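Here it is: the structure, laid out below.
Order as written gives the chain letters A, B and C; numbering starts at 1 within each chain.
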């Protein structure tokens, strides 16, 4: 906790330095030098005097004093902040921050502090910062008091609340005050009121503040218990939101992996067991692109994924077309044989990649704009997962638009619904098959680019997603991409919700069992095409 | 709802089926009497095949009632139960078991116990053999009894399927386009065959071929957009202006 | 009744297959045990469990061949039934170790002691008894198959959908068996077996006996399958394969027929697993891997699935090739070869080795039959209401 306060105050300090008013430095210097005069009580008076200046420039010295890093030079009784470097001390001017001198330990006296002084310093710092003209400083100061819960700060903060204009900072201050009240020996009514204030601020820190109080007898204990359960309820909601987020993230990955599978299955009625390897090829394409960039054009690294996406689409798409032309078209009308042949292709592709790149994981870097995270409430959102969700949705809607608006999309849908009729209408179904297969494989390749950002790039990459992708297709139904979208996100979220209760593995098993049972009810999936055509 | 009449074999009332908004059957009502032969005609998409699907349990109607043989509710039964009740069906495309011989095809269709246990351990008896011989005579495939059905000609497959239907000893036969793809001589022979069968059983024939329907000489029901448009003799319906409009108006 | 059932299937080809297997059951162990290494007929001791393993694979392939070749059900999860049978046998073998384990616990297998368990899980009760364990070898896969099949066939899940959910089934089981707290040894599975029925599992005589048992089990299973496909039941399942809804409209309860043959096939796979485990000395969750189950399918395809002997031949040929490949310098190329096999067989050898070898004879027979037909033969129209599903093309 102490360290946290230090950090917060250091931030305050930095902010204060920016907005620092130029008070009379000489007067300040005198006040600071006064710290070295007399015993603890004199020092305490001096601290109060420093605080009374209201000048943020005194924050560093007070800060250092609490740490026990303030020394007086014996020769002239000037006070400095000192840092031990080797056997000597480096003296820093407390106001300017400049290094002034380097002395032996015998040349300086430490200004001693006890707990009472430390509290005085904290109060002084609080006063300096709580009333600072800078809103950020005030906010950070209130937060610091909330964390410390120092009852001595109550008066100070009451004064600050009275002055405060900014409602959100005022609220924070009231919370800080409430935290301080809880640690004080004020009446139960005051404390119950404080608990009510803290309850409005959900989060784990208020929980840790309140939980010890639930043990207390009387109204305070009761109020704390009620508040704890209220906050826990809210936290559970945030947890659920976090699970939804993880589920969306997994769902977007499944969507990317399954969408290509869904269109090839929808149009051609064949299950491509080598689909996972198309994903893998996409991931390896990303790897190769990044290797080339690293050695030839490092400044391009942040855009490596934008280069890799179209390349992965083309490479995987080309492999897909080759598979269709070379193998699958000879097996038309025999879906089970197609399944076996494409399985064989997947073995060959895996082994080929293993031979070329080796069996170990390859390092694929994350561009700087995709690293890091931000928070919404208590929700932690990483940029790379967010990027993948956005990417998956873009791919999905582009594909939808492509199928709805282009002549090729029209032909593809025609073949999906009635192959014979489409063929009779003059649509070159073999060409549609090849292009569909290339399209599906190309999308899988793009999925590989996305996956390279969150998973290990190894020859087995595709295998780990293929069964889940099948489940999405089976669950969502064939011939309707919305089914794939709903299926992917449903399964992703279901997986992540089951995980905390059942564990990752059991959760997966439960999802599989659920799908097996679901197929009983809706053998053709969630969004099945119904009608005579499909029965044939 | 008024109860079905006693001599009625098949009774459909208010049957509707829709596929994704498309109404394949729209409040269809139809009554087939015991021992009757009925021809059902109609343009493509009129709901002829769907009608057969709902009767044989392949498709469940969204609304409506279907009774067979008095009071058996067909909407609650599956295909196998309906077949065991005595409804046989011939598909539009001849559907025989390609990799079985003509004999085996008939043997599989023969009325009798359908359980798995019986199928494992029972052997065909002499009465069954006689019945198969008799059927082979009726469908004129006696010479080809040991040939795989895959190697039969189109017309022979049609007949084999009719033979299989007879082997089931159904009370009602649903026959979907029996004359499709047949030569004139074969068509004529098929019409004779059906007329022969209709002496003992109820038969519903779905057909496009007007000459064939005329050759049957039975009551005709015209379906259009999933409901009955007209009913009566072939001459009656072919003079009905609504029928003419449906057939010629487009 | 049973007699006529068996006589029905016992034709000349069945006689030949069974003769070969029964002869192998006696001759091979004899050659291994009673000839000196100098003899040209000597079979080295290490080869016996290897050959025994091939035979259990043959039995597994036969179980897949029965449902795929004759009923059109492509299972991508038969490895699960095989592994369950294997686990049942493995649990018996674990209980036989007794105090000879590393930790010397008389009841608990080593891995449970290691996990600090102090009681035997209920699932392990009774496995010290051989008859009980053998019952479970059949029941465990049988019950799983029954439950799975009852749901799947009743709701008419067919074709690739069925294949995919069988794959999901074995995948789910694999994940489960990898977990320690399921109580079947987790990652490491069951191993370090000592003896079976009181005989040292490593002894040459025991190995010979296990080989003989595998050969005889395969012969018996072959005979049963042959009898089934020769009965009217067999005709019905072939009818289901070729035109499922036609069969239904004839009044057959397709789901019941499928369920019977499916459960039977799963039990056969379980027995294969039970014979496999003592010969290789280990069973672990890797046996549930979907890849294993698909490999079984390719054995069947290589051997030829239209015939019962095809899967057996396929299993032995492919696994022999695998052993040969993976022990030599060619090891890195095995997956290329296996992958190529999948593609090559489906493209160029759809009837498999035995189907192609037998093809000449069948073609001759068919030509004779065609000649008998007066009408010209056209075989192009193979579409029924189940059009486009798996078919073995008639020889042209």
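Simple rule for what comes next: a contact is a pair of C-beta atoms (placed from the backbone, for glycine too) under 8 Å apart; a residue touches a chain by one contact, two chains touch by 3 or more.
Here's who's who by UniProt: A = Amino acid/amide ABC transporter membrane protein 1, HAAT family; B = Urea transport system ATP-binding protein; C = Amino acid/amide ABC transporter membrane protein 2, HAAT family.
Remember, predicted model here, so these are calculated numbers, not experimental data.
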Check: Going by the average position of its CA atoms, which chain sits the greatest distance from chain B?
Finding: A
Item checked: Closest chain to global C-alpha mean, per-chain Cα centroids -> C
Next item on the list: Go ahead and note the Å separation of the Cα centroids belonging to chain A and chain B.
Entry: 65
Notebook entry, point to check: Taking each chain's centre as the mean position of its Cα atoms, how many Å separate chain A from chain C?
Noted result: 49
Next item on the list: Calculate how many whole Å lie between the centre of chain B and the centre of chain C, each centre taken as the average of the chain's C-alpha atoms.
Entry: 42
Notebook entry, point to check: Which positions in chain B touch two or more other chains at once?
Noted result: 58
Notebook entry, point to check: Mind pulling the chain A residues that touch 2 or more other chains?
Noted result: 535
Note to self: Using the touch definition from the top, which residues of chain C touch two or more other chains?
What the structure shows: 385, 387, 391
Notebook entry, point to check: Which part of chain B faces chain C closely enough to touch in the complex?
Noted result: 56, 58, 78-80, 83-84, 88-89, 91, 93-100, 104, 107-109, 114-116, 118-124, 143-144, 146-148, 150-154, 156-157, 164, 168
Notebook entry, point to check: In their shared complex, at which residues does chain C touch chain B?
Noted result: 1-2, 4-5, 8, 228, 231-233, 235-236, 238-239, 242-243, 245-254, 256-257, 260, 366, 369-370, 372-379, 381-385, 387, 391-392, 394
Item checked: chain C - residues contacting chain A, complex -> 74, 76, 148, 151-152, 154-157, 159-161, 163-165, 167-169, 171-172, 175-176, 178-179, 290, 294, 297-298, 301, 332, 335-336, 338-347, 350, 385, 387-391
Margin query: Can you tell me which positions in chain A touch chain C when the two form their complex?
Written below: 265, 269-271, 273, 327, 330-331, 333-341, 343-348, 350-352, 355, 467, 470-471, 474, 505-506, 508-509, 512-513, 515-517, 519-521, 523, 535-536
